[in-house]
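Naming follows writing order (A, B, C, D, E and F), and every chain is counted from residue 1.
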Amino acid sequence: MTDGTIDGIRLERGNAIDWIVLDRPEAANAFSRGMLARFGTVLRDLKADGAPVIGIRGAGKGFGAGMDLGQYNAEGSPMEDVTRLSGYVDLWRDIWRHPKPVIVAVHGYCIGVAAQMASFADILVVAQDAAITEPTIPIGGGFIAPTWVHQVGGRRAKEFAFLPGNSIDGRTAVEWGWANAAVPAENLIACVEELASRIALVPPGVLAMKKRSINRAMEAAGWDQALSAIAESDAILHLEPEVRRIRAQLATIGLKATVAEFKGHGSQEIFKLHGAGYLP
Amino acid sequence: MTDGTIDGIRLERGNAIDWIVLDRPEAANAFSRGMLARFGTVLRDLKADGAPVIGIRGAGKGFGAGMDLGQYNAEGSPMEDVTRLSGYVDLWRDIWRHPKPVIVAVHGYCIGVAAQMASFADILVVAQDAAITEPTIPIGGGFIAPTWVHQVGGRRAKEFAFLPGNSIDGRTAVEWGWANAAVPAENLIACVEELASRIALVPPGVLAMKKRSINRAMEAAGWDQALSAIAESDAILHLEPEVRRIRAQLATIGLKATVAEFKGHGSQEIFKLHGAGYLP
Amino acid sequence: MTDGTIDGIRLERGNAIDWIVLDRPEAANAFSRGMLARFGTVLRDLKADGAPVIGIRGAGKGFGAGMDLGQYNAEGSPMEDVTRLSGYVDLWRDIWRHPKPVIVAVHGYCIGVAAQMASFADILVVAQDAAITEPTIPIGGGFIAPTWVHQVGGRRAKEFAFLPGNSIDGRTAVEWGWANAAVPAENLIACVEELASRIALVPPGVLAMKKRSINRAMEAAGWDQALSAIAESDAILHLEPEVRRIRAQLATIGLKATVAEFKGHGSQEIFKLHGAGYLP
Amino acid sequence: MTDGTIDGIRLERGNAIDWIVLDRPEAANAFSRGMLARFGTVLRDLKADGAPVIGIRGAGKGFGAGMDLGQYNAEGSPMEDVTRLSGYVDLWRDIWRHPKPVIVAVHGYCIGVAAQMASFADILVVAQDAAITEPTIPIGGGFIAPTWVHQVGGRRAKEFAFLPGNSIDGRTAVEWGWANAAVPAENLIACVEELASRIALVPPGVLAMKKRSINRAMEAAGWDQALSAIAESDAILHLEPEVRRIRAQLATIGLKATVAEFKGHGSQEIFKLHGAGYLP
Amino acid sequence: MTDGTIDGIRLERGNAIDWIVLDRPEAANAFSRGMLARFGTVLRDLKADGAPVIGIRGAGKGFGAGMDLGQYNAEGSPMEDVTRLSGYVDLWRDIWRHPKPVIVAVHGYCIGVAAQMASFADILVVAQDAAITEPTIPIGGGFIAPTWVHQVGGRRAKEFAFLPGNSIDGRTAVEWGWANAAVPAENLIACVEELASRIALVPPGVLAMKKRSINRAMEAAGWDQALSAIAESDAILHLEPEVRRIRAQLATIGLKATVAEFKGHGSQEIFKLHGAGYLP
Amino acid sequence: MTDGTIDGIRLERGNAIDWIVLDRPEAANAFSRGMLARFGTVLRDLKADGAPVIGIRGAGKGFGAGMDLGQYNAEGSPMEDVTRLSGYVDLWRDIWRHPKPVIVAVHGYCIGVAAQMASFADILVVAQDAAITEPTIPIGGGFIAPTWVHQVGGRRAKEFAFLPGNSIDGRTAVEWGWANAAVPAENLIACVEELASRIALVPPGVLAMKKRSINRAMEAAGWDQALSAIAESDAILHLEPEVRRIRAQLATIGLKATVAEFKGHGSQEIFKLHGAGYLP
């Protein structure tokens, strides 16, 4: 059963799992203001009713392209930017604190803030050929990769963040500990649904406490504190002259030409080209 | 040399390693009150004498089946339950704070609180076909998996905890970072003994400080704080109506029929059935 | 372009990356007092000018053999020893807090405090046949492995630290999450330089903030606190009678005979000899 | 200007400060479900408009009597109780994270969860004769005093919490560091309004960042982590047999007779009776 | 009722409070090995039976003179010293984790490790003329004052620790937040007993959880982590040449002459002599 | 003995204490770039030689007026501003980590970043009529008060920070726990020197370890983590439009007229005007 798509969000109800579908494929599921608001409402409403498990996935060719660039108001004040950026984190915290298990299923592209959202999943399953990707044009930073540290460690978070447009596929995401499993894209939904059908056998109160208790362990490990200044980090970079210059260039020579300036191999490709690999 | 089995605990003395053997195979090494008390005494006595390394393993078909169900007193008060559950953690902390290195060797089944104990090992070696397992019947929670977070991360701890009777084998335990190595079951003891014979060359004072210093780093990472409310989490669930219902059902239809209600694939089986895997 | 070697440190300037080369191969790049001082100066000078990325590597057969034993003053006071040991950590913190990304490239041997330094790299690339090694003669401790806990976990840090002369190769270092990648030794420099050429496209201010922000997440996870007593741990062991005895023996029977007393298999070798391995 | 009282909450608008008035004097401002919901809505609406400072005070004889006993559902499940109790903390966190400074003004009685709310104030001004009070009948616990630890220390939090119906006046609240100042009750509102008129001169963006930055320091000190299991603590006690017995007694012999059983001197009274005091 | 004094410890049983009396006045209640062992046993036994509150006080002219100097084995190894010093902290942790409230009553002198023990009290009442004192002869350090930081802040902990033989009276201890109250010495016991009689009205399970929950908040604030290297700090100083010199001097010129070398005003006396004070 | 004033810093050598004197009275000891560099050099040089205690005080009418406004480069990039601001904190950390005790003596005005520096003192003695003051013109924020949280708590840090030009005198600084003692201004230096003469009796190694160990306790309490984003907080505000507006106004109407806009009662004055006070 489906409620139809409202503001880019579709709710698909099931017995074991309700899917919140990011459904704005015409914009590569980039998060618009309306979409975020709707996402928050749907998530909140699922506290009181619906299936025992929540899934989040993208419609179309990928999970999500990240922020809708139109949301950034270059004319706004720095503190308005901090508030806007904190708004994302607050919304993802609603995933983290939701009484139900939330499984995120990532296929295709998963860029920038979409990868940040995925970091707050309880369980994260990815397609083997998914591409989890840093923005190619370096007009921000210090906002996404710090949310990866508690899963992949500081060193891989830095590797990922320092190369423009860096990208890892689903298998690498599992090796790094970011995702729980990588399956062929065509099996992604079925796989999550089978997981959910097993989880649904556990009483909701038991699930809620298991999640609370593991969350507490993550918070004792500094998870929440790690996020406390990421909005400030990004907001400052938005005002950095070199970033403003790139942004101005975007307006003049266009996206394609600007991307071309920064495009190139990702770190894992470079490692492989130089002979890295577990096997002889 | 062996001291004989007292209250389900046998001490096997060696030159490099003294083994504390969980030796109550008739009850699948489930921890009874007496067994825990004896375990604590033996561990304490090994501070002052014995070999430089301590090993812990199970006798019979597996390492341990977890709590002895008879220990839970459904008539007791919630705070008595909190006290009982904290008692386990306090005992495992004696492993953690022991001046000698403690190596835990897991073979066969390792269920619930037995897997919690193993989380406090300094070094953990497992048989490749060991089965580290969540209880199948969901009558508690928030007590085991939070002790895994500092080794396997929050996401895998949730994956493990959310499916009833979820289980990973020895190889997966190593991939996840929970265990140091997985060897064929028949080599497990010899492998640990060779490790111990190497460790025994280091002066005891040096070993004690190396352990203290690495422990301090783990505690700075929130290890101890992560455990501070796990007894409360479990005790609350013991009082949840749905849990009482399942417990009542156990008394009427029996263990086998109740297990059947919750049995099914584990998460890693589901992932493999849907095509997960590192290799083509 | 090269500035020549001063006090065992050579600076090789490039466009994308400036290499600080540990260049005292006659002493296996063991850190002498002068070398450390020079290293600090060069690093500090690179804040204000030079290429956008910094590389650190060793000249000759390996990355570094650790402390220059001559630096330890057995006649000095314990607090002088604490001060000396803290001096290493303070210097590595200068790597950690440097505004530029620092990539460490490890080939050949990497022993003791050299492995500690590598733990502070932003990105760490190793040769597949590198040997990251604990000192064979146990005359200290609690100083190196605690700096590994945030990358490899407490259990592997203990495994590594407890066996005298324990050693892992480059591939294992990646599996454990200590290093980002392991490539054939002959490709190591080229690989890092390609990484650097990609990173160099990102504006320096953006890189600096990305590093600050990920560092903050690591510090929230207890990274800095984990290091606060490691100097004390080691200094105490330097005064332990058994350690003094070994040190005295070194002076009488010599290095070779003393090493022979402690030499043997490393933990990963022991595991493999007993059948460990991911593949059938 | 006033919007009238809705669900026990009245909003009084001013230039420098908007007052949220707890206005249910007929129930001693005990928090009912509707009142809490309304409080949350009003607080959220003040993010976008209104005066630069927010004040919270009680109408009638005191600030608030704490929970509305009717809210506790003795028939509900333990996890429903945890959810209810967490709901309070989540609401107070909205005070903590609000972009505007929030000044709480306490007069008269301030009991239980009302004192918990006050702990989340940015600035807290109290009447000298205010009575900040633990519930007299011990049917819960571990929920209020832990939120005091970061202001008054653990020892005074324990002193306050361990005596039934313990109470401190406004002056003691300042000596302990819980409140910023204690003024005669008749000056309380004017005092806060003068503070607000001074604060209102600072640009809102500057105030918002000052608050974010000081909050970050408190969170680094463990403020948020300190709250993570307080709901569990209280929920467990609600199920403790002795607590159920007292609750049953309440239903039979009534409030007055039950209170009489626990009434007596507070800790500070006892200290004074025994000669404590700073002055000769 | 009294059990008689065994190994310097006397247990006085009451209805509301059981007193553990440090009763070795001939040695100024200095902690000997036997006394500490007995203290631990008595404390443990009071978990299962006895009055709902525990009190600790000293017999004779003061609370305690600290360590029994005879306990320090100058011939022992540094790690033996670390173990001995950790033993104190472990014992005080038994106070902290005891299910019952523990009130410490300090009169007269309270020196060194006796002041450390008092830092672990749940509630701490002092005589106005008590003298809480640092050892006059500086032959150790970094062991006592760090346990004060969470009550009095870092700055006062340093003030207290840096002057040889520094001392504060009971009133200052309250001003600093170290003690809950200071009463005339003759009222000390009666005051604590009245507190206990009020606390005893609260059901034991409720008290136990209140204590657990406030302890958790303190641990979130770093209380436990703050103690993790204090044994190492002191043990290192025991080996510092200047300390050994003073200790040797003690053996030759005697206690009195050595004390005379370090004796002088305390910090608070110096402040008062220079005109400090709250009142004109 | 005096070395003469270089770049606004004078070193006065003594037996027990060496004074670093902020000696640029013509600019109210505002920190210029040169002064900060010189301060760092002098402090570093005192590690190896000089008296056992270090004092810091101001020459002329007050301790210091804070930042030299000329240092802020409104044309610089945000990341240059972050670097500049972090530079202050790094310098104060050199006080914190210095092996010798550092006593700061504050008289007269102590504004903004001068009060931040004082927060890093080991011991802090103030004149009773000192005025510790927030900048009157709100053109920054989130940089000073967060360094107060660990001494005065979050609530007083907010009170202090939210009112423009807020100020406390020496006595209040002691009541709040920020300073150790307040003495009449004419006794300030003598008082500190007597303290130092007592401290100087303790062997330097013992003092160094006492400081390290108490610092560790403060760092376990989050002290260092609390400082990690304060530079970012302030740098963002420097770019806030309302702040730029005030800065522009400063350039047009001048300092005096701009100050007049924000001047008024401090919080403690307001409290006193409304009848606050401990005494009747």
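Quick note on the criterion: a residue touches a chain if its C-beta (ideal position, glycine included) is under 8 Å from a C-beta of that chain, and two chains touch if they have at least 3 such contacts.
Computed from a predicted structure; not experimentally measured.
Participant: In the touch network of chains, how many steps separate chain A from chain F on the shortest route?
Facilitator: The distance in steps between these two chains is 1.
Participant: Looking at where chain A touches chain B, is over half of the residue numbers used by both copies, so same, or under half, so different?
Facilitator: Both copies touch with mostly different residues.
Participant: So which chain is farthest from chain A, going by the mean of the CA atoms in each chain?
Facilitator: Max centre-to-centre separation from chain A belongs to E.
Participant: Relative to chain C, which chain has the most distant C-alpha mean position?
Facilitator: Ranked by distance of C-alpha centres from chain C, the top chain is D.
Participant: How many Å are there between the centre of chain B and the centre of chain F, using C-alpha atoms for each centre?
Facilitator: Chain centres of chain B and chain F, defined by C-alpha means, are spaced 52 Å apart.
Participant: Report the inter-centroid distance (CA atoms only) between chain D and chain E in whole Å.
Facilitator: 34
Participant: If I count partner chains per residue in chain F, which residues reach a count of at least 2?
Facilitator: 77-79, 82, 150, 177, 204-205, 209, 212, 216, 220-223, 225, 228-229, 232-233, 236-237, 240, 242
Participant: Could you tell me which shape the graph of touching chains takes: line, ring, star, complete or other?
Facilitator: Contact pattern: none of line, ring, star or complete.
Participant: Which two-chain combinations touch?
Facilitator: A-B, A-C, A-D, A-F, B-C, B-D, B-E, C-E, C-F, D-E, D-F, E-F
Participant: Show me the residue ranges of chain A that touch chain F in the complex, using the header's touch definition.
Facilitator: Listed in rising order, the residues of chain A that touch chain F are 77-79, 82, 225, 228-229, 232-233, 235-237, 239-242.
Participant: Note which residues of chain C are touching chain A in the complex, please.
Facilitator: Answer in residue numbers: 101, 121-125, 128, 150-151, 171, 174-175, 177-184, 187-188, 190-191, 194-195, 198-199, 201-207, 209-218, 220-223.
Participant: Okay, in this complex, where on chain B does chain E touch?
Facilitator: Checking each residue of chain B against chain E gives 77-80, 82-83, 99, 204-205, 208-209, 212, 216, 219-220, 224-225, 228-229.
Participant: Taking the touch rule as given, give the residues of chain F at its contact with chain D in the complex, in rising order.
Facilitator: 138, 140-143, 145-147, 149-150, 153-159, 161-164, 177, 221-223, 225-230, 233, 236-237, 240, 242-243, 246, 261-262, 264-265, 267-268, 270-271, 273-276, 278
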